Structures are given as structure tokens and as C-alpha cells.
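Going in written order, the chains are labelled A, B, C and D, and every chain counts its residues from 1.
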Amino acid sequence: MTAQAAAPANERRLTIARAMAESIAQEMRTDPSVFVMGEDIGQLGGVFGNTRGLIEEFGSERIRDTPISETAFMGAAVGAASDGMRLVVELMFVDFFGVCFDAIYNSMAKNVYFSGGNVKVPVVLMTSTGGGYSDGGQHSQCLYGTFAHLPGMKVVVPSNAYDAKGLMTSSIRDDSPVIYMFHKGLQGMGWLGTEPGATVHVPEEAYAIPFGKAAVVRKGTDVTIVSVGMGVHQGLKAAEKLAAEGVQAEVIDLRTLVPLDRDTVFDSVAKTGRLIVIDEDYKSYGLSGEIIATIAERDISVLKASPQRVAYPDIPIPFARSMEQYALPNADKIVSAFRNMKRTRTWRWL
Amino acid sequence: MTPTRDQKFWMYEKMVISRYLEESIEKIYLEGKKPIFNMANGPIPGEMHLSNGQEPCAVGVCAHLKPSDVVTSTHRPHHVAVAKGVDLKKMVAEIFGKRTGLSGGRGGHMHIFDPSVNFACSGIIGQGMGPAVGAALSRKMQGKDGVAVAYIGEGAVNQGAFHEALNLAAVWKLPFITIIEDNAWGISVAKAQSTAVPDNSVRAQAYGMPGYQVRNNDTYEIFRVAGEAIERARNGGGPSLIEIETSRLAGHFMGDAEGYRPKGELQALRARDPIPAMRARLMAEEGLSEADDAMLVASYRAIVDEAVAFARNSEDPAGEEALQHVFA
Amino acid sequence: MTAQAAAPANERRLTIARAMAESIAQEMRTDPSVFVMGEDIGQLGGVFGNTRGLIEEFGSERIRDTPISETAFMGAAVGAASDGMRLVVELMFVDFFGVCFDAIYNSMAKNVYFSGGNVKVPVVLMTSTGGGYSDGGQHSQCLYGTFAHLPGMKVVVPSNAYDAKGLMTSSIRDDSPVIYMFHKGLQGMGWLGTEPGATVHVPEEAYAIPFGKAAVVRKGTDVTIVSVGMGVHQGLKAAEKLAAEGVQAEVIDLRTLVPLDRDTVFDSVAKTGRLIVIDEDYKSYGLSGEIIATIAERDISVLKASPQRVAYPDIPIPFARSMEQYALPNADKIVSAFRNMKRTRTWRWL
Amino acid sequence: MTPTRDQKFWMYEKMVISRYLEESIEKIYLEGKKPIFNMANGPIPGEMHLSNGQEPCAVGVCAHLKPSDVVTSTHRPHHVAVAKGVDLKKMVAEIFGKRTGLSGGRGGHMHIFDPSVNFACSGIIGQGMGPAVGAALSRKMQGKDGVAVAYIGEGAVNQGAFHEALNLAAVWKLPFITIIEDNAWGISVAKAQSTAVPDNSVRAQAYGMPGYQVRNNDTYEIFRVAGEAIERARNGGGPSLIEIETSRLAGHFMGDAEGYRPKGELQALRARDPIPAMRARLMAEEGLSEADDAMLVASYRAIVDEAVAFARNSEDPAGEEALQHVFA
């Protein structure tokens, strides 16, 4: 069940950008230790709109534009968070992680452990992901696998505004570092194109969505489609197409990659016997392999056919529209993957 | 060092070509993006960082460079690419994402690579620095003539790569020059809000290298200072830093509403547009007439128009070409 | 077949450290464009010995100590390599990648692509991996998955000196960037402890081992054990133990993660029906998942039991010996994994 | 600013404790590592970076700090930890990897965290800088008293994190001080081989902050300069940089044969050992007698011996404790 499904139609539909900003504002109102840092998050309101309106309410001390010094301000986030503050810090594009990954990988993620739990690191590192609008190979990556592989940080990937708000609230309230990855194509910023399914009803009051609970966003019996973020919407579209052929797909939105709700995925595949993983991140050594391995290692016998992945190929992201669209996952590729599954050698098909 | 007549006309040509290229791109970029501005649409999709106003930084420096010298530029690379002699047709085709582009459409406007004139860039702040230092090292080790120039924005100077690269170039006494294009803004953040010193030129002292500050986007002064620094580098005198006060006459990228700009700033900057200033100098110093100027400008524009036509008429790459050239 | 198996016993047994240095020296002699950069690689000969003796022969211009400025010198490697040089550049511990990952991830790995193949980037980024000697959470990681997930670089992980030399030679001769990951526990440096199986016969003359060809280092029929680096030796030890119980394990050394020799792994599992992956890198979203998914997606029906992984848990690496050893893969854990496999629900066991 | 009698004795105490701690660790470290030196063996496994000779940098600065002030240190942290008042028993137990250690053995000697006195460190070069700047920001935003001090080696100064952090601290005018421990070596690489300027103190100019250079590992001069900088920071005067010429009397880490050291350097450094110098000053200035000194030293050593005994007698953590405290 998705919570937003129960909501009255057309009532307070928010974009993910506005839902994120609303959660941050609510937490800042109740907790004076919360503040936001990043590039162009003040007067500009964030390149992707997720801090819009905050500087007007909270001022430039708590909505703090930084120099283009990610190593320093990611490190500073660790230091301030260990000193009693709660941070929301933005890395403008996830692609820029490489200029500050040590501060993230070796300090933010590990200081809780290195201190035996004596130091808390309440940092939400929010960052934009994804392509599809020809921003080239240094501005279009997802890197879900890279971050989920790193121990010590929770990894959140919302697919709609309802989740975006509730997961942001949980992220800010968490005493551990959280990386919060929002997909540009879901933000509700028209200039990036936007997936309409991401803009949904969002309750006004603050609420928290627990980590590690995947959402079954569509029930089905014949095949399980698993993804996060943009892939969830592609999965839903593919499910529509398959439904027209009489195939009922179950679609799972993982919502958090760390912790990973392996049980929900396993239970679904145990029921459907078939698994397709959609990942806009690079195919090899990442999310798609992990989900398949999760099922295979738990009980291979639940699989009625070889699982399939629809993932970004292992290539840098090309600029030209024709090539980028060729490489990206989409609903048609998912439908083909399902057909392909039927063709693969199996021992219990039908 | 003052430019010769030829050098003056060369600089003017490149400035006009660069500006007209940006104006052409601006128009084409908006095709298909109205009434709804969606970056993904139109003949030129994606982000677009125009260099209008920063032409002096390009021509004043590149006037001293040969094709064999190395230049790395930033996410805002067109003016420098034009001045460095990057193949214009192939570059415009790349910006359009065509098969005939410099990289067959794989790079796009932030990833202009033309090894025939040793030009490269990166969309990541500060990350042109290391590669330029490496090219300078390569030239020195090979005993080959040549200097390497890295462009960087004033906002990017606060990135660690700047510090590391300058120290490395100085320790190894490499033929390396960094050009800081100080347009006073890093997207919406003003220089004073991000930089602890008024002038980045003082930072040269941290590396024991000469640091120059050029005011007022002055093409001749850039030419003079860059000439001195490049000559020193060629003669084994090591690296230099040059900060240039320049102006960003457009938004950070296309679509930027620039709500953060103080009222009147843009108008004031436009009044000091370096291209009319250069034209006026050519008229005063070299007897350029209105008529000759019109002819010249028309011929420069024709070069751009031809490149644009070439790009427009080129084919899109097939989707599966995406899989090529991942490895050398 | 492993080439070193054919070699006469006790003839020119080299450590991996010496084999690496020998290959570098030979390439430097024949190709003046090759040079080495890194921290403490000159007079010290590299903290892990793999550049020992080089400065004496080639001098400090070509064996070039750097400041502690990884972003600058990794970037410089890209620039010099694009300008006609061939680079061997050392990142002292792979754990330090975060201070320079942009230069690696967004330039070194992608410039060939961004230039449409017009720019070559012949850089060998050699770096030490692995723990087991209590060096703590910032000096013991493997990060195989992190690097293999990144498109545009080849990933080499030698397990013995014969391979180390031949793979280094191929790496230096390659026009694409290669990350060459050597495990500290295999280097043959006594002060790090050392796995004796890694020190093997190495021919004097230069030779190249092609990328993308896994080695079947032990033939078997009952279970396929797949790993790289240190894991290969653990796999071989486990195979000995299993042999005592009459179980014949086939052990595969992947040798390169990119390109990945999926065929050799698949063919072996198609024969044995059982798969165990050993990985000293973090378990989730990495190598172990990828290998399992490789089999599952190709043909699930070859698996007679749920595949198993013996991998580093998703925790930062602890300092204390008791905790680190608890977390590391070892032969006993592999044997247990095999036993566990027998217990899992299967449909064709025996 | 000169130290009071109490401050002098406090500094002497911490110096002696620190040195004797290192000497004790050195001995214990080698237990089980003979005849074959294998880092993995013995009561203290792993890398070990001793701070012998650098004690003045610790005490001259920390003499001005309260427990509520923040310090981040480097991979070579023991002397600073001692001076900052880190719980000695728990710290030594951590170095031994015992359950009673500061983090239950998860961190080890490069990861000493004692939030009760606001001490932290990182094994990655330069990466203590950002966190200290963040702590300084936190103090400023909370309107709380307090300064943050980041230690860094002279080799690490060439890391980008240094540049970014100093600029950030200066732009935000934070109560932040960086202490550069210049022991002339970054492992085997001499300062002149890695650093473009003779003195890192000039680099303060790149951030518009005061830069101090202390020569000769002089405890009093460090005390004076640090006192000035810390007072300014407490009063809202913003950050400072202090470079201290100090000496590394041991190898980079235990097991380092130091073949790269010029002949005679170590002997010369030992002749200028700061601890006998401090003792001599106490004798000359404060009338410390040989007998009193012997008593004091014995009492300081007893503190270390007690901590070592505590560590030795503590239990190893169970293997599965590795799985705890990954998240807060």
C-alpha cells in the first residue's frame, strides 16, 4: 500500500522539490540545531528548487551558501554534526562526489564506528541524480551502487513527493549520516522535464517514513519489477503495458538502498517467480546485481526463470539525445525483458 | 609587450567569432524550448554556459600560443576554444550532438576535446588544472617546446585542485600558466561571499610564483601580462598566475533568471562590453573604417554560419554508437 | 591452466612486488615515454616495494616522488598521458581514492569517451588493497566493487607474481586507463605478513597476459569457487579441505574485473552447478552480487543450489585483531558456505 | 605572553607523559615482532606513528585550550591527545585494540575519538581540517564559547583540503586555528621536494589571515604565538595559521629504516630534544631541582604505566562486536 494512494485527489499536490523544502522547514522550526549548507542553496533556492523559500524564513546563517569547496564543507558538516548540530548539506550533482569523497567515505560514514558509537553524525547529504536531458557524462549519473556499497551511510532514493517528505524527515531525525538521492527528472522542475507521477498529495503536517521498508506500489502475480526513483515510474508504465497483455506485474519501490528491504523483494519473487530489476545506474557491480543475488542466495528455487536487468550499460553517459536515450532504461525495455525471460531456458515455465 | 597590427586584428576576429557563435547558440538553444523551457528539448539540449563578455581572457592569452601548446578550459569553454583554434565546424557539431562532432556527440558543450590543437576541458570545477600541469610536465620531460595553460573561474579557485596543481607546477618549475577568469560570480554566489581575499593574484605568493591582476577586462593588458608569463614559461622560468577581472554578460547558464544580480549591474557591464571597445581601438589605432569593419564582421559571421549549417545538416549518431570508444 | 604451474620449481621465484617492478623496468627500458609518479616511490622504493630499485636505474625524473597532492598528480597523469607519455602512477592505499576520485572517475576514466576515442589515456593507476594486519578502517579496504562499477577503466587484480608481471606489462601497453590493485598480504613484504602461494616462478623476459581471461587455478567438478587476489588463495585452501572430504572444488581467479570473463565462470558453474564467491570487499552492491547475477541472469537452471558469498560484511573495518579476523573471509568460512549450500532448499541436490 | 609557573609545569608534565607513552608503546609494539617484523603480530598490531620530538606543538597550543574546545589531529596523534586531556587509560586500551578502549577497539591508534574532551583525528592526510572548521562554525552558530584547532603535517599542507578549509574558515571568520607541524618530512619526501615555498606561514596571506612561523621547536614561543591566535579567535577575530618547525625523532612509522635521512640529521635533532630543554628551563627559571624532577618524572611515568597495565589487562573484544556501532 502506498500512503499517498489513500489521499483525496488534487489536494495539496506537491513536487518532490517542494516536499523536500517543506520537511526541512518543519524540522528547522522545531529544532534550532538543524541548518542547511551547500552551493547556491540560499538566494537561488537550490539549483533544483529543494531549498526554495528557506532563506526568507531562516536567514543566511542557517541557509548557508558555501564556496565551491566540497571537501571543506562536507568535512565541516561532519565536524558540526559531531558538535551538536544537525546538518542538511547539498552536493549539487552526485557526479561531483569525487572531489570530496574522502570526507564522505572515510569520515562522515565511519566516524560513528571509529568512535564506538560515542560520536553521532546527523548529516543528510542530499544530492541530485539522473539524466535523460542531455547533460553529459559528468552531470547525469546516478551512482546508487557506489554509495550503497559504502558501509556506514544510509541511502535514501525517493520516487514521489509523499515519500520525499517523509523520508527527508526521517533523514534529518536520524543520528547517522544519510545520503538522500533525488532524481532530477522527478523534481517537478519544468525545465528538467518532469515525471507527473512524482507529484502527489503530501500532508501538511510533519511525518516520518521509516527506512528499510520497501513499498509495493502495484500488486501483481506474474512478475516482480524492482527499482528506485525514476525506475519505479518506468516499472509502473511497463506494468500497464503488460497488463494489456494480461500479465500482472508487481512493482516494488525500494525507497532505501541501505537499509535494504530484502524480505519484501524476496516475498514478492517467491510469489511471482520472476524478477526484473531496473537501474539507471551502471549495470555491473551495482544495484541490479545485488537484488538478483539477494534472491538467488536466499532460495534459488523460487525463480521460475532467469532474472533480468534493465540497467544503464557500462559506458560513460553520452551527450547526444539519440545515444543517451538508447542507453537509458525505459518501459519498452522492461517489457522486452519480460518477453526475453519467457524465451530463456527454464525448467518450470508455466 | 603590445600587440602588433596583425595580432590586434587576430584578436578582434576571434572575439567577434566567439560572440557571434554564442549569440547563434543562444537562439538555436531556445528553438523547441518555447513556450515551455525544458532543457531536454530543441536542437541543442542540456546545460549551456555562454561566454559573452569573457572574450578578452581567451584572445589576450591565446594570441601567444601555438597549436602545439596545451589549453584546458572550464564548463564555459567556447571563447577559449575559438581562440585556441579548435575546429569550429566539428565543435559546433559537437554542441549539437552530431555524428560529425569532435567526439561524435559523446561529449557535448562541456567536453570539447580537440587534440589536433591540444584543447580539452572538464565540466567539474577546477579539474582542468591537474591535466594542464601534467601536459606541462610531459613537455618538459620530452624536452619539447611548449607551455600549458589552465583556465579556471574565480569561484573554482576555492577548490582544492587549484592549490594542489599550483604547488605541483611550482615545485617542478613547469611551463604552466593559470588564467583565472574572475567574472565576480560562481553561479549565484558573489566572489566576496566565497573568497577570503579580494584578489586571487595574492595567492600566487603561496606558491612562490608571480601573480598578476588585470583590471577592467582589458584585452591589451591581458595580452601584455600573458605574453610576459608565457615567455618566461617557455624560457624555463616556471609557472605564473594571472587573474583577470572580466564580465559575465549572460546568465550562469541558459535559463538562469539571475535574480541574485544587483539591479543595474548587467547594464553597467554591457556598457563596458569589450568587443565594441576593441573595435574602437582598431579604429583609433589602426584606421579601421566602419565599412571595413562591417565587411570583416560579415566575413567572421559567415564562418560561424557555415559551422552552424554544417552542424544542422549533420546526422544524429545512431543510438548504438553510444557503445563505441569506451576504451581506446 | 596456470602458466606458472608449468615452470620449473625454485627457479626465479619472485614476489609480486619484485614482479611489478621488473615489468615496469622492462617497459621503461624499451619505451622512453613510460614514467612513474607517486608518493615515496623514489628513494623509498614504494611503501610496498613495487618500485624498489627503479630510481637507481632511471633517476628521479622518471621515478618521480610527488607532494601529497593526489588530485593534482592524478590529474597530471591524465594530462601527461594525453600528451604522449605513458604513466604508472601510484595511489599508496586504495583507501585514499576519495581525495582524488574526480580526477579518476570523471577524467581519467572518461576522457577517451568524451573525445570520441581521439584522446588516449595510457595510465596505470597502481594501488594497494586489503587488510588483515590491523591497519584500521582507512588503510585496509579493497574497494574492488567501487572501481569495477565505474565505466571507462580496466580493473586488474593479480593473485601471484607470474600474473602480476604479465598483467602489469599489459597494463602499461594499454592505451586505456587501468587500475591495478595489488593486495598487501600478497606483496611478499614480510612486514605485512605474506601469502607464500603468491611468490612463484616468473620468467625473466617480458610477457603480457591478456585482460578478460580468468584462470582456472584448480580443476574440480562439484563446486565453483570464484575470487580475485587474496581470495584465490583462500579458495585454494578451502578446496584442499573439501578435497579431504571428497569434494572437488574448481577455483577460478578472475584476474581482471573489467573486462570480466563471464564465460569461464558460467561454463564452470554449468558444470559444477554450485557457486561460492569470495570477496574481501564489502558484501553488498559489489563483486559478489555481480558474479552471482551473472550466472542467474544467463541461465538459472544451471544452479543446483543457492549460490553463496563469503564477503566482507557491510561494516567499516575494525582495528582490533579479534574483530578484523572475525570479519575477513577465510578458508573455514568457505567450507561452511559449502555445507550451508547443502542445507538450503534446493530441487536437484544430488 | 609567557607561561606562568603552573603552565610551565603543566607543559612539562604533558611532554614527559607523551614521550614516555611513546617509548612504552615502542617497546610493546616490538613484542612478538621479533625476530621477524610482521606488523600483524604483537600486542599492538598495525601501523604505528610515534610523535617523539613534536611534544612542544601539542603542549604549547593545548595549554590555552579548555576541554570544551575542539581539536582534530593527524595520523600521528598521541602527543596532542595527551595534551588535550584524552582519557589516557581508554586511549592506550584503544591502541591495544581492547574492549575498554575509547571505541572498543574499532578505531585504533589513527582513530582516537574522545568526545568528552572534543578530540578527534583521521588517518587521511588533511582530513582533520574540514571537521575542525565545522566545529568552529557550530560554536559560532550556537553562540557558544570555544575555538577549534586542526593539526596538520607540513607534507599534508599540499593537500587540497588545507586550502579549502582555510578559505572557508576565513570567509566565515570562524574561531579556527591550524597548527602545521613541520617536521621537515612527509614519510621519505623532504619538505623542499614537495612544497613550493620555504615557509607555509606565507600561505596565510592567501586567506587574509595572520600567519606565524615558529622556529626551533621552541615551546615558549609556541605558547606565546598560540596564545595570541587563540585569544583573537575567542574574541571573534577569526582564524590564524601557525607553522612550527619541529622534529620527528622516530621513523615515519615503526619499522621505517629511514634510509632517506641525511647522515647526522637524527643525531643533530636528538641533541636539540625539546624535553631536556624544557627541563633545563624549569631548573633555571623555576628552581626545579634534580631530585624534584626525578620525583615528578616518576609520578608522570606511573600514570602511563598504569594506563598500559589497564590496557594489557583488558579483554579483547569478541569478534562479533565488530558488527556493532555501524550506525548511531
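The rule we apply is simple: a contact is a pair of C-beta atoms (placed from the backbone, for glycine too) under 8 Å apart; a residue touches a chain by one contact, two chains touch by 3 or more.
Since we're looking at a predicted model, the values are computed, not measured.
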item	value
Candidate from B-C, A-D or C-D with the same interface as A-B, over half of contact pairs in common	C-D
Furthest chain, CA centroid comparison against chain C	B
Whole-Å gap separating chain C and chain D, where each centre is the average of the chain's CA atoms	36
Interchain centroid distance [CA atoms averaged], chain A/chain D, Å	41
Length of the line joining the C-alpha centres of chain B and chain D, rounded to whole Å	45
Multi-chain contact sites of chain D, meaning residues that touch two or more partners	101, 104, 106-107, 111, 122-124, 127, 158-161, 164, 167-168, 171, 193-195, 326
Chain A, residues touching no fewer than two other chains	66-67, 69-71, 95-96, 98-99, 102-103, 106, 113-114, 137-138, 151-152, 314-316, 318
Chain B - residues contacting chain D, complex	158-164, 166-168, 170-171, 193-197, 202-203, 205-209
Touching residues on chain D, where the partner in the complex is chain C	36-40, 45-47, 94, 97-98, 101, 104-111, 122-127, 155-156, 158-161, 186-189, 193-195, 255, 259-260, 316-323, 326
Residues of chain A touching chain D in the complex	33, 35, 61-62, 66-67, 69-85, 102-103, 106-107, 111-122, 151-152, 154, 174-176
Interface residues, chain C side, partner chain D - complex	39-40, 42-44, 47, 65-71, 95-96, 98-99, 132-139, 190-193, 313-316, 318-327
Of chain C, residues touching chain A in the complex	71, 95-106, 109-110, 113-114, 137-138, 145-146, 148-152, 257-258, 260, 282, 284-290, 292-301, 303, 305-309, 314-316, 318, 344-347
